[in-house]
Each structure stands twice: as structure tokens, then as C-alpha cells.
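Down below are the structures I want you to see.
Both complexes below contain chain A, partnered by chain B and then by chain C.
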Partner chain A sequence: MDRSIAVWVSAALALVVLIALPLGWLGWLSVSGEHGVTLAHYRDAFADPALQKALWNTVVLAFWVGLVSVAIGAPLAWLTARTDVPARGLIRGLVLASFVTPPFLGAFAWVMLAGPNAGMLNTLWRSLTGADAPLLNIFTMPGLIFVVAIYTFPYVYIMVSNTLALIASDLEEAAAILGAGRLTVARTVTLPMVLPALASGFILAVLQALALFGSPAILALPAGFHTVTTQIWSLFQFPPKVEQAAAFSVPLLLATALLLDVQKRLLGRRGYAAVGGKGGQRRTIALGRWRWPALAACLVVMSSAIFLPYAVLAKGAFARAWAQPLGRDNFTLGNFTFTFFEYGSTRAAIVNTLELAVLTACIGAAMVALLSYITNRRLVVGHQLVAFLVLAPVVVPGVVLAVGLFIAYTRPPFVLYGTLWILFLAYLTKEMPVGYAQADATFRAIPADLEDAGRVLGAGRLRILKEVTAPLAKSGIIAAWCFIFIGVIRELSASILLFTPSTKVMSVVIFDLKEEGQFGAISVLGLVMLALTFATVALVQAALGRDVLGARR
Partner chain B sequence: MTKRFVVAAVAALAAIVAGAIAGADAQTPSKHLEGARKEGKVVWYTSLVLPSAEKVAKLFEAAYPDIKVEVHRTGSQRILQRVMQELQANIKNVDVVHTSDAGHYVFLKEKKLLAKYTPAGVDAFPAGFKDKDGYYYGLRATVNAIAYNTKAVSAAEAPKTWKDLLDPRWKGKMVTAHPGYSGVIATHVLALVHLNGWDYFKALAQNKLMIVQSANDPATVVSSGERVVAADGGDYSAYQLKKKGNPIEIVYPKEGVPLVVSPTAITAFAPHPNAARLFTDFTFTRDVQQVMADSEGLYTGHPDVTYPADKPKLSELKLLTVTPEELEKRNEEIKKRFVEFFGA
Partner chain C sequence: MPGVSLKALSKRYGDVGAVDGLSLDVKPGELLALLGPSGCGKTTTLRLVAGFLAPEAGEIWVGDRRLSSPASVVPPERRRMAMIFQSYALWPHMTVAQNVAYGLRFKPGLSRGDRDARVREMLRVVQLGGYEARYPGELSGGQQQRVAVARALVVEPEILLLDEPLSNLDANLREEMRFEIRRLHETFGITTLYVTHDQGEAMVISDRIAVLRAGKVTQVGTADDLYHRPRTRFVAEFIGRTNVIDGLATSLDTVAHGALRLHIAPGPLQPGTHVALSIRPHQVQLAAPLESADGANTFRGTVRRAAFLGDTIDYEVAIAGSDLVVRAAAAPTPRFDVGAGVTLRIAPGACVPLAESE
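This part shows the complex of A and B:
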């Protein structure tokens, strides 16, 4: 018997505990009453008109975010993948930047940009037109949809542009030769081929919107409405209604699972012979006089997602009064000194965040490497189950996972609440699927022949893993490490329920400051978070030799 | 007031306070000092606005360099949530609890979670600042007031009374903080319910207010111009902003202003009990109470504290008060009805 089997089995078991424990508790608590099993918590939750409204708001939000993301992401993908629009590299880079920007920072920045009265864009609009009404009001459902969509469309972009890269131009050209106009070709040939990718991008965007906590908390609560995530969070206020929160989490969990299943079917059905490997020609479409207007349109999108929010954060960091123009009277370094030297929580939070990010990334990368090796090489009985479990957290929104973890780890035998370990478990579980997808792709690309050669020469599995496979997989695993790291430093929706005052992380501190209206300090910490994120992205790019979204350089 | 001036002022004050305490030490060294030194720190959950809380902590650390203050600032209701959640998981972290919801202390006392402790010098405080059983004492007080942006609203147009806020001309132009977060606001809501009934809030909600969380935030929203009238909020945050040159003015409605006395108490399970006592004594010294009155614009129970000339004295205001017992009993009702009217 192979000695290595113990390693594989314990990795798989760790996975089961990681996921089954919190979700098991969540399910149990949602039906447990004083006298055995009850549906009372569900009844309480779903009969409450406030909670019904929150549910409906979430449906509206998620659906529209999906649509807007498609409307932005698909044309951008087509432009950069298929046309001669100028500065394609720049556009891709900016899409990537929007992908990694923490959405709650974007939401916060948009409060400064498009608050109906003090928002800078509205002030500008009024001074230009003399109008009384604001141009934009971010504290509305459309405002919320917009702010969520500009950080969610990259999911559609990635799906569509990767598909477009696999479709040869032959069919499109055949149609063109037969006399079809450019639009007709797009409508009748290209569109049907990318439809599954579009639909699945739509679903991914919907899922993001369902799970988001920070943006609704920043934009919906001031406007007087809740979403499911903010409602679950407020059920934790004293006296906490944890059972109701658990019951209210279940539909979110089911909706996510259902949508992902639909997405999987859509992608699985991609039986079009035309979407093959990388064979065939992909000819660039000349946009002619539309080249520059197309670029301008891309840049408008990107200024909403990147340029304007980043600029306004930078301004907020250096201004005494964020709503006033920056000038000699309104310039200060005080926000920085306050944040770093006077505000006691900052440094502890940065240290906690970095510790957690490094720890989670190291253990997470090791785990996904092992697990994807197991599933790729089919090393244990039930490897399909391992693959299923490792991807399962995708269906668990951060808030829901946090409710489960809170229940599981505030009572014996494992009391972890109050320590960094409960956050660690949350992050590890939550980031596992992303890391696994990366590691899985890596191992798929490494042929088993090399390992077989090692086996023939008498080496054990573990030695082969160390000496043959690991060196080949190195850059892919580093990338997985970085994805996990980025995911951890921006995590808010689970952290907000699991932190204690001595285990605060950066995102929680930013949220705390938001509740008190300390704009300067938030801007400073936001910039720190962005700097950390982009430094890590640079590291991934260096490790992979390509950009994170999947295109070769 | 410039940043540098503030820093210098804090340093100078710290020196004075430290001197005063060292002087006191020479005669009667605090009996908690040695124990506090051994404990090395005190953990303070506080709802005092962040810069003010950090200032008090810095003053203490300047006076007692070998004892650190760990400040955890959040809204009153969140503090109670934290304390109870931690206890449920058997975590004993907090030494001193300071919130603006006096009802919390009734609740905590009943649960036997508070230690009996009478800070030095509070005998002379008025009755409203003292628990009859000796568990908690009012560290500071504020009143809820209306604030308006002077660039957008003239003094003549500005609302003068709570009822003026019901005028449809303020529709979409006001901001309120949240009783589910802030104890100052929970107290405010109850006091105005006494005055005008829940119908007042039902009618107020028709004016579509922007909802923020902290009682400090309405003033920042108004001074930024995002909304022009704050329907509630501690007058001290508006006062501080006004002092810094922001376009904001305070109105003390003539029907009366809800008085919020914010108690402080030491927990029964305090991991650093001596440091907690030393810190509590320190915060009740005249010097620290005077700092709160001067630079923070707060009221205090200390009879010897003097107030800035540009702020009304408490005795000049008609005060609306609620009892801690009623606040505790109606806490759920206050939060629930507010959410019912305002939506979130």
C-alpha cells in the first residue's frame, strides 16, 4: 500500500470538515426549536413584510446587475477580442483593475461622486447647467445597480472574451461572402455561438450581486431599503436572532446552487463544432471611422469603474472637507497621521489582515494543489466527491458562510470566535474554489507521462510530486496563492459577522469608519488596500507571464 | 484650529493632567496604580466619537506611560451586541463599557455583568449622572439638536422646532441617524415619542430622510452639503465641525432638547480590573472632564467644569429626559418602529 494515501485521505477529510461543519450547523439551527424540529424560524422570517421586501430588493438588484453587466461586458469583450479598437492592452488592464477593486470601496467612492447634493459630479452638473435637480442620485436602486455592475461586468467580459478567442472566423466570413452585412453576421452567426458564454457570464454576475454585502450597506441603507445580506447582518443586532438569520440564509444558498447548476448545464451544452480548440483563423474586424468612438465608449465605462473613483479616493485622503475643491486651504496630511498614528485600530488591523492573507494563501495554495492533484490523478476513491466539495463554497455567499461559522465555532467543542482562526477558516473556505480552479488548470496542463516515468524508475508518489510535478506546477500555484491573497484582503461580507474588537481586519475598520462618517480615514485605508491589491496582481502577472484574465501576452 | 495646535494642546493638557495626578499621587497614590501597572493595559469599548475617544486614551497614556488603552469605538447598540456575543462564546475581553444608551446599564446590571465601583470625585455630580446602586456613572452628556447648512439655509428659514421638520419643504433634504446603532438617537427617539407620540416619526418619515448610522454623522453630512438639515444628532459633533470652520449652525428647539447622559461602568469580568478603576477615575478628573467640555463641546456632570462661551449652558436649555429603565424596556420597540417608518 502506498504510504502517500494517508496524505490524500487527510486532505480530503479536512475539506469535508471545513465545509460540512458550518453548513450542517446552519441547516440544523434553522429548523431547531425548543421542542425538536420546527419550521417556525422560516415562518417568522418569511412572514415578516420587511424581510419579504428585502428578498424582493435582492431579486431586482441581482437581475439588473446581470443585465447591465452583460450590456457592458459583452461589447467590451468583442471589441478587445475581435476588432482593431486602439489601446486594447490598456482596456484589458483596466477591466482587470475593475475586477480586483473591492466593490465596497467603489461604492464608497461613488457616494462622494454622486451623492445627490454634495456629490462632485452633481455639483459640477449644477454649476454647468444651473439645474436644481441632481444628475445622478446614487442612493437609489438604479444607483446601487450601477455601482455593483461596474465591478461585476468583468465576469461577463472574461467568459465572452475567452469564448471569442476560441471561435474561428470562418463561419463569420462565409456569411459575409454570402452577402450578409456586418450587423447581420454579428446577430446570426457570432451571437448564437457566444450565447452560452453570455448566459453563464450573466449568471456569475447575478451570483456576485446576490452575495454582496458592502455596497448595499453603503448605498441601500441610507436610502431606507434592505437586501437579503444586509438584513441577515441586522438580524445579528442585539438581541440576536441567529435562528431566523439561519432560516433566511437558506434561500440565498439554494438560489446560488440552482443558478450555478444552470450555468454548468449551459456551458456543458456547448456542443457547437465551431467552438473548438485554438485552430482556425481569427481575423480582426476593422472598425474604420468607429475606432475612436469605440475607444471613447470603453474609456467612459472605465472612468466610472476606475479613474473617477480612484481620483475621488485620493482627493478624500488629502482633503480636510471632501466635498470642497482641493486647494491650499483644503489640503492636509492630517488624515494620514490620524489613520496611522492616532487611530489605534489601524495598525492592528493591517497586521491582522496581512497575517491572515499570508496564512490563508499559503495553506490554501498547498491545499488546492494537493486536492487538484488528487482529482486530476484520481488518487482516492470518491475523487469526484472531493472535486465537488472543493468547489461547493462557490454556492455559499460570504454572509451565509459566516452565519454557519458563527454557529459552529461559538460553542464547544470548537470555540474559535474571538480568535483570528475563525476568520482564517472563513477565508480558506471562501477562497478555496478560486484557488482550486487555478490549480486544476495547472495540473491538467502537466501530462501524467512524466510522473509515470518517475514511477517506473521507482520513486514514490510524494517524491514525484516534490521533484517532478511541483517544479512544473510552480507558477500556477503561485498564481493560486495570489488569487487567495487578493480575495482575503478585500473580504468584508463574512468578516463583518465574525470579527471581534481584538480581531479586526482592514475591511471591517473601513466599514466601522463608514458608519461614523470618517471620510478622510476611509480614503487613506482604501488607498492602502488598493496598493496591496495591485502589488499582488503584479506578482501574479510576473509568475504567470500573462495577464490574470487569461490572455497570453 | 490647526492640527498642530490641537496636537500641542493635547500635549500641554496631558502634561498638566499628569502633573495634577502626580501631585495627587505624592499625597495619596491611587491604590489601583500598582495593580494597573502589572496589568499593563485597559480595554475600552466606547461610543464616544472616534477622535475624542483617541484623545482621552492619549491623555491617559501620557499620564501613565506604562499602561496602554485599547480603544474600540463603535455605536452604542453595536457595543452591547459585541459584549453579549463575546460572553456567549466565553470571551472576557472588555474592562470598561461606555455607551450612550443608559438602558444598557440597567440590562447589564440585572445580568450581573457590572462591577460596583464609584469613581473618585463623583459625589458632587447631579443625580441624573449616578446609579443609585453605584454600578454606573455618567461620563459625559450631550443634547440632540437640529443642525443646518448655513450656505443652503438662512437663519430665518431654518427650522426652529421639531415640528418644523414635518414641513414638506424639507422633503429629501434631511438626514437622521439610527437608533439601531446609536444610543444618542435611541434616547432622542424615546424623548420625542413622549413629546409628540409615534405619529411624529411617522409623519417625519414622509419627508424621505437620508439614513446614516452614527449620531455624529448627521452633522458631517450636513456640513458637506449632502443634506441641508440634520433632524437629530449630538450637538457636540455639530459644534466641533462649526469650530473647524464648516458651514453649520445649531438650533436648540424650544419644545426642549433630549438630554443624553452616557454612562460608563467596569465589567464584572474585567481582565484588567485595577487598570479599569484607574482609567475610570482618570476620566472623571476635572481636567479630563474639562477637555471634553472645551475641545469636544460635551456637557459633563462635574460641578467645577466651565463651558465655552459660544455654547448654551445646560441650565439654559429645556431638557427632555427619559429614564434608563424605560429606555431598556422599550429598546426593541424603538428600533422596530423606526425601521417600520424609515425602511431600514
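This part shows the complex of A and C:
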């Protein structure tokens, strides 16, 4: 018997417990009553007009975020993938920046930019026009849609630009030589081939919007409306109605699963892009006099997602009063001393976050490496189930996962609530799919021949794993580590339900600070978070030799 | 130097590439090619021999060691074999020398100095002396191929397995490497199984060829055997080009196709049975129509198509009074134009009867 079998089997079993326990409890609690199975919780949840309203708001939000993301992401992708628009590398870099920016930080920044009273854009507007009414009010549904979409469009961008990069110009030229004009080619060849990517990007954007907690909590709650995620959160406030929260979570879970299934079908049925033959060249389209206007349009998008928010956060970090001009008498480093030395929970939270991020990334990277090796080399019976389970958390919004974990780990045999371990489990579960996707791609690129060649020469499987596979997979696994790390430091939606006063993390503290109106400290913590994120992104790019959005360099 | 014996080996997965009761003996020191179209089970057979797959039935023996049976499979690392892969499978993170030296780590009692010396010597043999410190990514396809060969041979395996090792090379290099592999085989004399779908390659390289079809061995023999004495239509058509003519045996040595009578060398035909004959194109002789059309296997025909191939001309000739069109490969002179009448002659010994059933 192969010695290595024990390793594979225990990794697979750990996975089963990790996923099945919280989701099993979630489903069970949502239907369990004092006298056995009941649908009362569902009835309570869905008969409540407030909850119905929250449901409808989520639908509106998600749908519009999807549309706006497509409207921004698809043209940007086409411009950078196929045309000679100037500064394509810069635009790509900025899309990446928007992709990794924690959405709730963006939402804070936009509160400072477009809050109806003190928002800087509104102040500017008033001083320019003398008007009384604000130009913009971010505390509205359109405001929320806007702020969510500018950090969600990269999903569409990635799908579309990677597909465009795979469609060889030959395909378009084959149509042109048969007599199709430029527009006809675009309509009959290019667009139909991009359509599945476009639709699946739309769905991914919708899913992000469905699962998001931070931005709605920051923008919708002050505006006086709820979404499903904020509603679940408020069901957890004292006195907690866990069963109702569970009942309210299950439909969100099902909707996500359904949408992801649709997305998979869209991509799977006609995987055209994969049919790329050899030597497909991609020629760039000359925009002519539209080059600079196109660049300007890109920069407008980027200034709302990156330039303005980052600038206002930087200003907030160094200003005594963030709404006032940043002059000599308004400049201070006090926000930093306040954040790091005076405010009670920040330092502990930063330590907690870093500890959790490193721990989750290490254990997570090791797990996804093992699991993807198992599925790629088909090492255990039921490896398909392993692949399914490891990707399953994709369909679990953070808030829902938190509800499941809360239920599962506040009772024997595992009482973890109140410790950092419950956060660790939440992060590990939530980040598993991202890490797995990366590790899977890594092992897929290492042909089994390379291992077989060593075995014929006399090396056992574990030895080959160490001497051949591991060195080759190293950079891919480092990338998986980084993805998990980034995911953890920005995590809010699960943390917000699972933290206790002694286990706060950075995102939670930022959320607390908002309640107290401490915008300076928020800005400081936000900058720290961004710095950590971008340092990690740089590490990934170095490890992979390509950018994170997935195209060859 | 042991031989390899495959006994009624079966392995099914999916439908493609299954092995179905395959038996085969590779003699000690012999280079045997497993030849067949894709999906015939040849690579599966090789991976069974290497120990990457376990058979569902049957056994694999090397000398007096039983290596595989449904009950137990000796793992690849303990089989004392070496394998050369279609992709070469060179480790990109190791230098040429490290790649070649890898298998020597598992040889007990070999000092570092011995190891280095063996690696250097082997690289010299495959004409890669001086490339020790290069990485595989810095070598051409042909050089990578040589490294793969060196890595396999340096461990002095009992059995050498090659899985379409030349299919990633361009045509010229492939030609050259065929002779190179043959040369190395003659130098080292290792019992070798060589998988290929290229009959030319198999004929140049191997001592004997086993033609595989649908997971079974159809015929084993030297290239000469298979070419001149194919036993089945499949072998006749797979090894070289041929004309296959279906007919009815009318006597011990005559086959009728419509009004046509073909005489064959006296053989074991059973009168009244259906029989197929294989006739190689170069054994169809063409002559000017003026010459007499008498004698055994002499027919009149008309040239339908002619293609000039340099040392031969490839003709398609329709035989008068029959629906038969045969291919003939004839010397460039005399030259017959399309539409010209010709006389065809086929020596009775050139008509090889094929087994009816397959």
C-alpha cells in the first residue's frame, strides 16, 4: 500500500468537515422548531414587510450593479485588449487596483466625497455655484449602485478581456475575407464569441452585489433602507434571532448557487475561446482620432474608482478636519498616533488581522495545494466530490457563512465562538475556492509525465512530490498564499457577525470607527490595509511573472 | 538481460485505448515496436508494463519476476526500467546534468564522483558533452530528446520503454534520431518496447514489430514479414501501401474477381470461399499495350491518373472488363500518359492471400 494515501485521505476528510458542518447546521436550524421540523422561521422571515423590502432592494441593487459593471467593464476590456488606446498598461493596472480595493473602503471614501452635507464634491459645487442643494447624495440607492459597481466591474473586465485575448484575429479576418464589413464582423463573429463571457461577467457582478455587506451597511443604513445582508446582520443584533437569520440566509444561498450554475453553463456549453488554434495573432485596431477621447473616458472611470477615493483617504489621514482644505494649519500626524496608540482596539485588531491572515494563508495554501494535487492526479476515490466541495464556498455569501459557522461552533463538540479560531475557520472556508483555483491551474500546468519519469527511475511518490512537483509548483502556491492573504485582510461580511470584543479585526474596527465618526482613523487604517494589499499583489506578480488579472505578459 | 512477457493482459477504461487479452513476448535484448493507430491500446500497454496502471486481468513478467497481476503491482520505482516520454518530461528546474543524474541517486553504492563520471560519459555518447549546466528550456527539441535518452540509459535499466519519442520532432530530425536510437540500441542491447504510430519509424528502428488493433496483437514479425506476408487486411493496409482485391477462390491457387482470374503462388486456398488478396503497388508491372496480353495475371488497362514522385511514378490503372482500379508504382521510364492503354502484369508470388476474418 502506498504510504502517501493517508495524507490524501485526511486532507479530503478535513475538507468535508470544514464545509459540511456550518452549512448542515444552517439548513437544519432554519427548519427546526421546538416540535421537530417546521417552516415557521421561513414564514416569519418572508411575511415580514421589512424583510420583503430588503429582499426587493437587494434584487434592484444586484441587477443594476450587474448592468453598470457590464457597461463599464466590457468597453474597457475591448479598449485595452484590442485597440491602440494610449497607456493600456496603466489602465490595466488601475483596473487591478479597483479589483483589490476593499469595497467598504471605497464606500467610506465616497461618503467623504459625496455625502450630502460635508462631502468634498458637494462643498466644491456649492462654492462654485453658490447653490444650497448638494450636487450628489451618496446615501441613496443610485449612490449605492454606483459605489458597488465601480469596484465590481473588474469581474466583467477580466472575463471579457481574457476571452478577447483568446480570440485570434484570424477568426475575424476569415469573416472579412468572405465579404463582411467591420460592423458585420463585430456583430456576427466577435460579439457572439464574447457574449458568454459578457453574460458570465454580469452574473459574477450580480453575485458580488448580492453578497456584499460593507457598502450597503455604510450607505444604505443611513439612507434608511436594508438589503438582505444588512438585514441578516440586524437579525443578529440583540436579541439575536438566529433561526430567522438562518431561514433568511438559505434563499440567498440558493440564489447564488443557481446563478453560478447558469454562469457555468454559459461558459461551458460553447467554450469557443478554448478552441484557439495555433499561432493566433491578435492585431490591434487603430482608433484614430478617438484614441485620446477613449483614454479620457477610461480615466474618468478610474478617477471615481481610484484617484478620488484614494486621494480623499490620504487627505483624511493627514488632516485635522478632513472636510477642510489641507493647508499647513490643517496638517497633522495626530490621526496616526490616535489610531495606533490612543484608540483602544486598533493595535490588537491589526495584530489579530495579521495573525489570522498569515495563519489562514499558510494553512489554506497547504490545503489547496494538497487538495488540487489530489483532484488533478485523481489520488482518492471520490476526487470529483473533493473538487466540488472545495469550490462550494463560492456560493456562500460571507454573511451566510458566518451564520452557519456561528450556529455550528457555539455548541459542542466544537465551541469556538469568542476565539480567533472561528474567524480562522470562516476565512479558511471563504478563501478556499480562490486559492484552489490558483493551485489547480498550477498543477494542471505540470504534466504527470514529469512525475512518472522520476518514478520509473526509482523515486517513490512522496519523494517525487518533494523533488519534482514542489519546486515546479512553488510560485503558483505562493500566489495562492497571497490571494488568501489579501482576501483575509479585507474580509468584513463574515467577521462582522463573528467577532467579539477581544477578537476584533481591522475591518471591524473601521466599521466601529464609522459609528463614532472617526474619519481620520478610518483613513489611516484604510491606507494600512491598502498598503498591505498592494505589497501582496506585487508579491504575486513577481511569483507568477504575470499580472493578477490573468493575461500573459 | 531478461525479456518481457505479457500474458492475456486486459485493461479497460472508457472505450478508447483499452487493452483486451493482449499477449506478447519480447525476447531478451530485442527492440520490439508496438505499432498501431491511435486508440489501439499501445500506450496503455506501455503504461501497464511501466506499472503506472494495474491490469484487470493477465500478468506481466520480466525474466522470472512477476511484476503485474490484478492482485499486485510492483510500483514503477521498483521495476528497474527506464522510460522515454513523448513530451520528454525533462524537469525544467534541473540542469541537464541533474536531469541525467537523477536516476543514479537510487543506485546503491555509487559515489558522487562515479555518478558525475557516468553522467559525463553518457552525455558524450548522446553527443551533448559540454551541455551539463544548461537548463532544458535552453535546448533545442532534438537536444532535449537526447537528454531524455541519456537520462533513461544512464541507469542501465533492464527494460527500456519509449512512448512515441520522436513525434515532437520535425521531419529531418526525426529521420536522424531513428538511426541514432537504433545505434544506441545496438551499443547497449537493452530489451526495449517502442510505441509508435509511424510504420516507417517502426521499420527502421525495431527488430520486430507487433501490430496492435483494438487492444489485441494482430501480427508480430520483422518488417520484412509484415510487408511481404501480411496476414490480415489491417496489417496489409497499415504497413505500406497496397491494393486489396476481394474475390472468390475457384481452385487452390486461383481467385476470381468478376471475370478476372488471378493466380497466386500455390497455396492453401479453399475453393468456394471468399478471399482477399494484397498486391503491393510496386509489384504491379506496366508495359506498353502493344505487347501481348497473354500469360498468367496479365491484363489490359487504362491509365486514370499519374503522379510524378521523382524516383517512381504513381499510377492508377483501370483494368479493362472489370470494376477494378489498381495502384502501380513504376519506374519513371517508360512514361504512360493519362488515358493511355497499358498492359499490367502481376507475378503470382506477389498476390498474398489475407485471412478473411479479423
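One rule holds in what follows: the second predicted complex is superposed on the first by the 527 of 553 C-alpha atoms of A that agree within 3 Å, B and C clash if a C-alpha of one lies under 4 Å from a C-alpha of the other, contacts with A are read in each partner's own complex, and residues count from 1 in each chain.
As a convention for this text, a contact is a pair of C-beta atoms (placed from the backbone, for glycine too) under 8 Å apart; a residue touches a chain by one contact, two chains touch by 3 or more.
This one's a predicted model, so the numbers in the text were calculated from it and none came from an experiment.
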item: Which of chain B and chain C A:Arg88 touches, first, second, both or neither; value: neither
item: Which superposed partner A:Ala118 touches (first chain B, second chain C, both, neither); value: first
item: Chain B versus chain C as contact partner of A:Ala453, first or second or both or neither; value: second
item: First, second, both or neither for A:Pro471, with chain B first and chain C second; value: second
item: Partner chain(s) touched by A:His383 [first = chain B, second = chain C, both, neither]; value: neither
item: Of chain C and chain B, partner touching more chain A residues; value: B
item: On chain A, the residue positions that both chain B and chain C contact, one per complex; value: none
item: Residues of chain A that touch chain B when the two form their complex; value: 50, 115-119, 139, 220-226, 230, 234, 236-240, 320-323, 332, 334, 337-338, 342-345, 410-411, 415, 417-418, 500-502, 512-513, 515-519
item: In the complex, chain A residues that touch chain C; value: 2, 447, 449-450, 452-460, 468, 471-472
item: Chain C - residues contacting chain A, complex; value: 50, 52, 75-79, 81-83, 85-87, 89-93, 102-103, 105-107, 151-152, 155, 161
item: Chain A-touching residues of chain B, taken from the complex the two chains share; value: 3, 43, 45, 49-51, 54, 57-58, 69-75, 77-78, 80-82, 84-86, 88-91, 93-94, 172, 180-181, 208-214, 216-217, 220-221, 223-228, 244, 246, 332, 335, 339-340, 342-344
